[in-house]
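The following blocks contain the structures, represented as structure tokens.
Okay, so subunit A shows up in both of these, paired with subunit B first and subunit C after.
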Partner chain A sequence: MNRLRAWFLAPSWAVMLALFLAPLAIILAYSFLTRGTYGGISLPWTRESYQRLADPIYLAILWRSFWIAGVSTVFCLLLGFPLALFISRSGKRKDLYLSLVMLPFWTSFLVRTYAWMFLLRDTGLINTLLQKLGLIHSPLPLLYNDGAVILGLVYGYLPFMVLPVYATLERLDRNLLEASADLGARPWATLTHVMVPLCAPGIRAGTILVFIPCLGAYLTPDLLGGGKSVMIGNLIQNQFTTARDWPFGSAVSLALMAVVMLLLAVFVRRGEEGLL
Partner chain B sequence: MNAVLELREVSKHYPTHRAVNRISVNIERGEFFALLGPSGCGKTTTLRLIAGFEEPTHGEIRLSGSNIHHLKPYQRNVSTVFQNYALFPHLTVQQNVEFGLHRRAENHIGKRAREVLELVRLAGKESRYPSEISGGERQRVALARSLVLAPEVLLLDEPLSALDPNLRKQVRAELKDLQRSVGITFLFVTHDQEEALSMADRLGVMNAGELQQVGTPEEVYLRPRTRFVASFLGAINWIGDIGVRPEATRIAKRSTEEGRCRPATVVQSTFLGNCVHVEARLADGQTAVAQVSRLAEPFAPGEAVYVSWEPGDEQTFE
Partner chain C sequence: MKRPGVSLSIYALGAFLFLHLPLLILAAFSFNASRFTVWEGFSLRWYAGALQDSQLIEASWNSLIIAIFATVVSTIIGTLCAYGLWKRSSPVLTGSLYLSLVTPEIVTGISLLAFYQWIFRFLHVQLGMHTVILAHISFSIAYVVIVVMARLRTVDAQLEEAALDLGANEWQAFRYVTLPAILPGVIAAALLAFTVSFDDYVITSLVAGVDSETLPMVIYAIARRGVNPVVNAISAMIVVGFGALILISERLRTT
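For the complex of A and B:
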């Protein structure tokens, strides 16, 4: 039995070892090496990359990434919860609406992000339309700012909030909502005192699924934020391309990973204690 | 009359069927009223109409004299004990009981919740979660959660059906005592005629969305108005057009009296410990069961006998 188990697990282990743990080890090694003249790495071993992380410029980027990811997650929750609730109450149309939520996954995220650029830019659909209607005289600055990045992230990761929240709402016993109303709770009180607490596992899962990819996002801030809105993902990408500082890029990657794992551990622990 | 709850010609029609059809009944203040009927007869729908979870298609529901049809469930001073209790799993026993008091922003919440928990013998379990207590205790939490709000009518939807059978009989007596001591009107929905007969001051028998008869347990059992009521409330023998309960059915080897006596053949007799059921086939092919003392003379299958009954024990229907 154990041997069979080992055989079944072997492919997964092989993949994890070759494609996840080995690259991670390489990154770890790189982060302690010295930058090569034309990219790459060279000896000697040093901790210099980690010391540079404390530079206020990088801390500001880290803080900014957290802020943008946090705001995006909150918007995803504010939009996703009512949507999930609506879908869970839609009877026969549930399956249709769920497939609509997942429909964007059928096209490349890159293409969809470009589509947002066409909508938001100065000569884009929205600005052109508003100008033709005479509502504005000069184009609104819709693209290349934090707002555009948050919009792009919320758009991209909303389904990851909707699906787990929907799953918990779907399992929710309707009698509990009736009992709440029966005991004198108005709809808002039922929402905050019964529905949200009982959907906490779904909200927690959705928050993790949205916040973590948002924190490491680089495509959306790169395209929709322009050069102005740098997030930590862009910083890492930059180190490996333009800046040709692989050791520092590796150090930032590992620092991001450490912070995420720490946050996740706290979040999960608090969830188990019923605090969230 | 001092009716706390009046239903006037209340109907609930769905596109496919009529769940409740023109029900009229007055529930007196402080009484224990049972709504009895087979599953799907509309009794739970009636309860949901009163609680406000469903809107009647026609008719009027009046609580203490005023029409409540425009009130939402959270505005009606009635409370429901759900069949599965619907306790909030994320709240402790105490918090479940306090839930309604908080929503109504009342005073002395903690103290009142503890008093009610004491009343239903749950003192000491305040900080448990519903998943950590027994089925019987959950049922009492559901009761406490509603009782603490002192509703004008407490609606109970088959509250004993989730309990194990041994516990049910004990809880019946407790529930009846509790109702007497708090003096709150109970409207109790059940499909179990024994429950309804043993607990209710009055009961209403429903079938296919209609209320067929309302009366005290004695009235409804002894003078059922319809064949359905007669057969739903207990075993009954159909002898021609009249019905006779097995315990009122006599069986003898000799003809006793003309008119209330029919020749029959014994099919079988079944020993039940405290009595014997003798099943006999009448000339028209119907069978009748007579409940006789186990000390009476034995009857063998195939034996020719006479089935009879005392005047007044027969039930006739139009």
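For the complex of A and C:
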């Protein structure tokens, strides 16, 4: 059996080694090299790229990315929890509602981001409608700011919060909620003291599933934030294209990967991987 | 069983509108006769425009070819992998598959770009369709493994043992007992891999060559210049096409 099993796993090992782990090893090496005169890389080995991460300009971009990803995650939780609660109480229509949550998620991310450009821009639907109604005289600056980026991220990753929270709500022992009510707790107290603590695994999984892609977002800040809203993803892309500083771009990428892995290590408990 | 209250139901309605209205509005305005965001009557001119645009047609073909190649290869490799992992776990392989799933796309993209450029020092090849296809295979495999694994958990392992006892070899046990049982999951995984591949912009744009511009790359280029009703028309077609694929995929996963 063991020989055959090795053959089943061999192709995926080959692909993961050649096209995922080796590329990561390459940028690990690049991050310790010097920027070449015409882009690319050259010797000597140095830690300079990592030291540059401490530069206030780049620290500001890192801080900003954390802030935008954090705010987006909080909004996803606040919007997603009641939705998950609604779905878990919907009896036979659960599957339909879950599909309704997932459907936009699986339609093109690019198209969904473009849809918000269509709605938010100066001559977009919202501004046009408000002007027709006479509520405003000049268009509101809805697009190309942090708010638009957060909106785009919340819209994009809300399903990642709803699904794991729903999964824990499904497994919740309803007798506990009734017991809480029988003992005189108001609905709000039952929610905050019983339901939310019992759903902690789902909330943790949802938080991590939303926060990680938001932190590494590239397309959303690029299209909805305009040039103004630079996040880590845009910084990395810029180093590999316009700035042509591959060692620094590699160092930023690895710093981002380190944060992602740290978050996974802290937030994901043993036995809860299934929720991811 | 507790039913959702009125306020929770109203909230849910609002949430579903938030999720679906932007795409519905986008699709509705693809039928607008006017170039501007003012309704001037029904028209198919943007669809006609999209279908006559040679750059869009070529990019769509590229996307289709890439997605088909990536889907076929990643579905085969991913299914074999899920089956192998079902028999006995391999924490290192599983770990790297999960890691590939949570790695930000921009990092996957630039690491592949750096890797390709390094390889090209020794081989006389350039970025093109092949580099895009290889990239897509690598990021699709994890999706396939997860979907097929979920299906395998519903399969009774004793069926294979029975087949082995009755004289089948290991390959025959896989081919004639387990594979038919997980086939709906495999097809669902393939549809998922196809949509993930067809939709990708970030990784593709970094590893594509001059001859391999894909549909998302064209849409992105137009979107950067501002809003264009032709993009609304393409978007509507993509949303409907993807929606159908995903609904089929969901059906297959749950039956």
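By our rule, the second predicted complex is superposed on the first by the 249 of 276 C-alpha atoms of A that agree within 3 Å, B and C clash if a C-alpha of one lies under 4 Å from a C-alpha of the other, contacts with A are read in each partner's own complex, and residues count from 1 in each chain.
One rule holds in what follows: a residue touches a chain if its C-beta (ideal position, glycine included) is under 8 Å from a C-beta of that chain, and two chains touch if they have at least 3 such contacts.
The structure presented is a predicted model; accordingly, all values stated were derived computationally and were not measured.
> Going by the contact rule set out at the top, does A:Arg121 touch subunit B (first), subunit C (second), both, or neither?
The answer is second: A:Arg121 touches subunit C but not subunit B.
> Looking at subunit A, which partner touches more of its residues: subunit C or subunit B?
The larger set of subunit A residues in touch belongs to C.
> Give one of first, second, both or neither to describe whether A:Val194 is in contact with subunit B, with subunit C, with both, or with none.
The answer is first: A:Val194 touches subunit B but not subunit C.
> When the two structures are overlaid on chain A, which partner does A:Pro23 contact: first (subunit B), second (subunit C), both, or neither?
Touch partner of A:Pro23: subunit C, not subunit B.
> Figure out whether A:Asp182 sits in contact with subunit B (first) or subunit C (second), or with both, or with neither.
first
> Give one of first, second, both or neither to describe whether A:Leu158 is in contact with subunit B, with subunit C, with both, or with none.
Once the two structures are laid over each other on A, A:Leu158 reaches subunit C alone.
> Once the shared chain is lined up, is A:Leu83 touching subunit B (first), subunit C (second), both, or neither of them?
It touches subunit C, and subunit B stays clear.
> Mind listing the subunit A positions that touch subunit B in their complex?
It is residues 173, 175-176, 178-186, 189, 193-194, 197-198, 200, 274 of subunit A that touch subunit B.
> Under the definition above, what is the set of subunit B residues touching subunit A in their complex?
51-53, 72-74, 79-80, 82, 84, 86-90, 99-100, 103-104, 145-146, 149
> Which of the residues in subunit A end up touching subunit C in this complex?
1, 4-9, 11-13, 15-16, 19-24, 26-27, 30, 40, 79, 82-83, 85-87, 89-91, 95, 97, 99-104, 106-119, 121, 123-125, 128, 155, 158, 174, 177, 212-213, 215-219, 223, 233, 236-237, 240, 246, 249-250, 253, 256-257, 260-261, 264, 276
> Quick check on the complex: what are the subunit C residues that touch subunit A?
For subunit C paired with subunit A, touching residues are 1-4, 8-9, 11-12, 15-16, 18-20, 22-23, 25-26, 29, 36-38, 76-78, 80-81, 83-85, 87-88, 90, 93, 96-100, 102-108, 110-115, 117-118, 134-135, 137-138, 141, 145, 170-171, 192, 195, 199, 201-202, 206, 216, 219-220, 223-224, 226-227, 231-232, 235, 238-239, 242-243, 246-247, 250, 254.
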